[in-house]
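Chain naming follows the written order as A, B and C, and within any one chain the residues start at number 1.
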Amino acid sequence: VRLAEIAERIGARLEGAGEKELRAVRSLEDAGPDDLSFVLDARQASRLEASRAGAIILPDRLPCVGRPALRMGNPSLGFARALALFHPSDASVSGIHPSAVISPDAAVNRTASIGPLCVVGAGAQIGAGTSLLAQVHVGRDVRIGSDCRVFPHVTLREGVRLGDRVILHSGAVIGADGFGYAREGARYVKIPQVGCVVLEDDVEIGANVTIDRATLGETRIGRGTKIDNLVQIAHNVQVGEDTVIVAQVGISGSTRIGSRVTLAGQVGVVGHLTIGDDVIIGAQSGVSKDISAGTVVLGSPAVPHGEFKRQYASLAGLPALRKLVRAMERRLEELERRLVG
Amino acid sequence: VRLAEIAERIGARLEGAGEKELRAVRSLEDAGPDDLSFVLDARQASRLEASRAGAIILPDRLPCVGRPALRMGNPSLGFARALALFHPSDASVSGIHPSAVISPDAAVNRTASIGPLCVVGAGAQIGAGTSLLAQVHVGRDVRIGSDCRVFPHVTLREGVRLGDRVILHSGAVIGADGFGYAREGARYVKIPQVGCVVLEDDVEIGANVTIDRATLGETRIGRGTKIDNLVQIAHNVQVGEDTVIVAQVGISGSTRIGSRVTLAGQVGVVGHLTIGDDVIIGAQSGVSKDISAGTVVLGSPAVPHGEFKRQYASLAGLPALRKLVRAMERRLEELERRLVG
Amino acid sequence: VRLAEIAERIGARLEGAGEKELRAVRSLEDAGPDDLSFVLDARQASRLEASRAGAIILPDRLPCVGRPALRMGNPSLGFARALALFHPSDASVSGIHPSAVISPDAAVNRTASIGPLCVVGAGAQIGAGTSLLAQVHVGRDVRIGSDCRVFPHVTLREGVRLGDRVILHSGAVIGADGFGYAREGARYVKIPQVGCVVLEDDVEIGANVTIDRATLGETRIGRGTKIDNLVQIAHNVQVGEDTVIVAQVGISGSTRIGSRVTLAGQVGVVGHLTIGDDVIIGAQSGVSKDISAGTVVLGSPAVPHGEFKRQYASLAGLPALRKLVRAMERRLEELERRLVG
């Protein structure tokens, strides 16, 4: 691809000649004269001089470097767009593979692709440009929008609804029964889980994630929210828009998570809470209370960031405090002996 | 369904006329005049007045509400039964789908159902009324009892045994090799895992759960125990009856968990421990010692509930304690100066 | 198998007659006169006398026991080898099952086995003696070495590379997209993940593990490393040789883990760190800093073992310290009253 065309397609300002043809995007270390490379922040700039890359995506503020540069205020976005340009999402499948088992009652758009050994149940709808890669399970009455990509071994249980451009990675299970029981003496009686799951437009769900169907009503993941691998979302949870949930997080039943929230890895959130917009929850935190919008929390149980740091510093200083108290006790005894004895 | 019939079927005492026909079970907010709704505890009662529900499942002690009520001492149980009445578990599959690959040596009861693209190995036995939904893997010599439901993409490795009415959610892997190695210098040599896994009657296993086969002997989950999504049960673990294991818990090898135990989300238990009956382990706890029956523990490392609260309160009060000690030190210095100086 | 032959095959020194034929390996409690049993350490020796086992694998230093013994310096290794002798890894499948969907462009060695309902993509290579058990997904251009075993419902995404003797348990997902996005205002734009995953020789991967493909370059798991169930390995992580990663661990992007490292269960490691060789990380630890070779760390945030123990002891002694300070304060007041008042 010609450099001038790359600049135009990724929205960069070209600095230098635009005639050069580039073949791939590579790291500063791996790139050769025919490759495009990238500097995302000032720390990486020191590695730039030694690089053989033919052209560089570069933040606005960094100095030029004796070769063509693609200037961007947001170089990460340029990197994402350049990769998409060199690696167009390949369909991998096209048309309907003869080994797929598709109910005659399903409505599959003629531009959708269904790979080998998929199952599509009665009443399912599959939108334009959507690909089920292979060995996918689509239960009855599932509705999938357009331009979705569903990777091998995904399970969509009955009645699940997906918006457009949703990506589901392998092993994800959407719409399994929520974990709900009534007690009858010492025994547990299953509460049928008859609600559904809705994933809105532009949601991406990682490998082996589990998102349970609601008891009644719906479990909902808002537009643009991204969920990493092995995350657990319990029944009736509501997640807002543009929220990021990192790997191995668990969210218990009926909790509401706001928009633009970040949950770092291995966080646990108990049920029936409200987590406000723009909250950040640090890795491995355990959240057992509501959190108001914009707060940064940390720890298990989670407390505001400043309080966590104070507690942790106090804990680190505890052996010294203990020594000080022991020394003071001896001095106190000495004074008592003098004064009283 | 007529209200009088619902009352009889769920074991409630009808208060008001029983002629009304109801169409669905809905939350207080969503229910209309043709729907049954429910109040499970006193906190929900305030939302009752505004509800348009045609009839209500109501705890014995709450006041009546100008419409028919189904009185129960245990309204959650009534709710579970009413949902089951309105949503009979639908088989989804019936008979043997022609795309299933079933060994001629397998014994499949004529009332069992095997959905599309399932594999059933040699020597496997599948009991009356059991459904394998689709894309299930049943290894050789697996024995499945009657009236079980196995959802898509479940894997049952060779020799696994299931009782009756067992439910396995999508992506669960039962009987993978335990994690066992001998050292040979710096390298690890695999210890073959040749035992099995037994799931007793009425066990329910969540999506993407992993329960490993024993090295020798068996890994066993007792009658009526319920396991949530993404839980890890290692080789040779024994779990008692009517125990509840919430999402993302991990239990290490050879540990014994009693009956009627509750393990909250993300708990970790090290190997070779004994956890007594009726123990409750709080979310995210790390258990590294035996726990005697009836104890409530919390924290990582886990300690009895009271001790955890004391430790946590002390930690929260630590900055104040530190200030007090500093002030006392100054007062002590002043006394010393006066007395000695 | 004759005892003398077992001794020779497992590398043990036979003590007693070697003529006896043995039928199985069983625990001390379950073994009968025709079974081989084992004592792995001195603690188990007390249970030896009551055992009916016909012969025993025994550490060098323990006393003899009135029956033939197989003496080994490393009895665990003898146990592993004896189990392998009595339970030869059974192929379960042989040849190519007619229900498998194999691209005509794939290169499958004639001694490889492909079970029912597997999918093998274009350009894939499958080596000699390798078995895909059933319902496995092999994406395009995947390269699998010789003598690998891939269990049901494993997903290998496009371009993944496996060495020889690799074992992949059910539900493992190798090569799903890494979790990487650029910001565009409040929204997230997917960064295409176009790198790959390499699993070197003798790696074993547990059930429902997720190992993400690199953004660029590769995610790599070194020779002989063993990974337990439900572990998350993010994009561009590098793991050394003979490392052990226990269940439910999560390792964030671009982190480098050394060789012969042990990560106990539920550990979390943040991104872009370097963990040295021979490090041991205790269960549930949260690692947020580099760790130098040979260190043992514990806690969240993780600190060296000795420091963790001091902190924890201080925390446990905190209520007592608080009492002591209160008492000293009263004594101080008394002194002040006398001296000043």
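Please note the rule applied: a contact is a pair of C-beta atoms (placed from the backbone, for glycine too) under 8 Å apart; a residue touches a chain by one contact, two chains touch by 3 or more.
The structure presented is a predicted model; accordingly, all values stated were derived computationally and were not measured.
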item: Topology of the chain contact graph, where touching chains are joined (line, ring, star, complete, other); value: complete
item: Chain copies touching (subunit A, subunit C) - same or different residues, decided at half shared; value: different
item: Cα superposition of subunit B on its sequence copy subunit C - rotation in ° rounded to nearest 5; value: 120
item: CA centroid of subunit A to CA centroid of subunit C, Å; value: 26
item: Multi-chain contact residues (two or more partners), subunit C; value: 117, 135, 153, 171, 208, 230, 248, 266, 300, 315, 318, 321, 325, 328, 332, 335, 339
item: Touching residues (chain side subunit B, partner subunit A) in the complex; value: 25-27, 30, 74, 76-77, 79-81, 83-84, 86-87, 89, 92, 97, 99, 115-117, 134-135, 151-153, 167, 169-171, 204, 206-208, 224, 226, 228-230, 242, 244, 246-248, 260, 265-266, 283-284, 300, 312, 315-316, 318-319, 321-322, 325, 328-329, 332, 335-336, 339
item: Complex contacts: residues of subunit A adjacent to subunit B; value: 101, 117, 119, 121, 135, 137, 139-140, 153, 155, 157-158, 171, 173, 176-177, 179, 181-184, 186-192, 194, 208, 210, 212, 215-217, 230, 232, 234, 248, 250, 252, 266, 268, 270, 286, 288, 300-301, 310-311, 314-315, 317-318, 321, 324-325, 328, 331-332, 335, 338-339
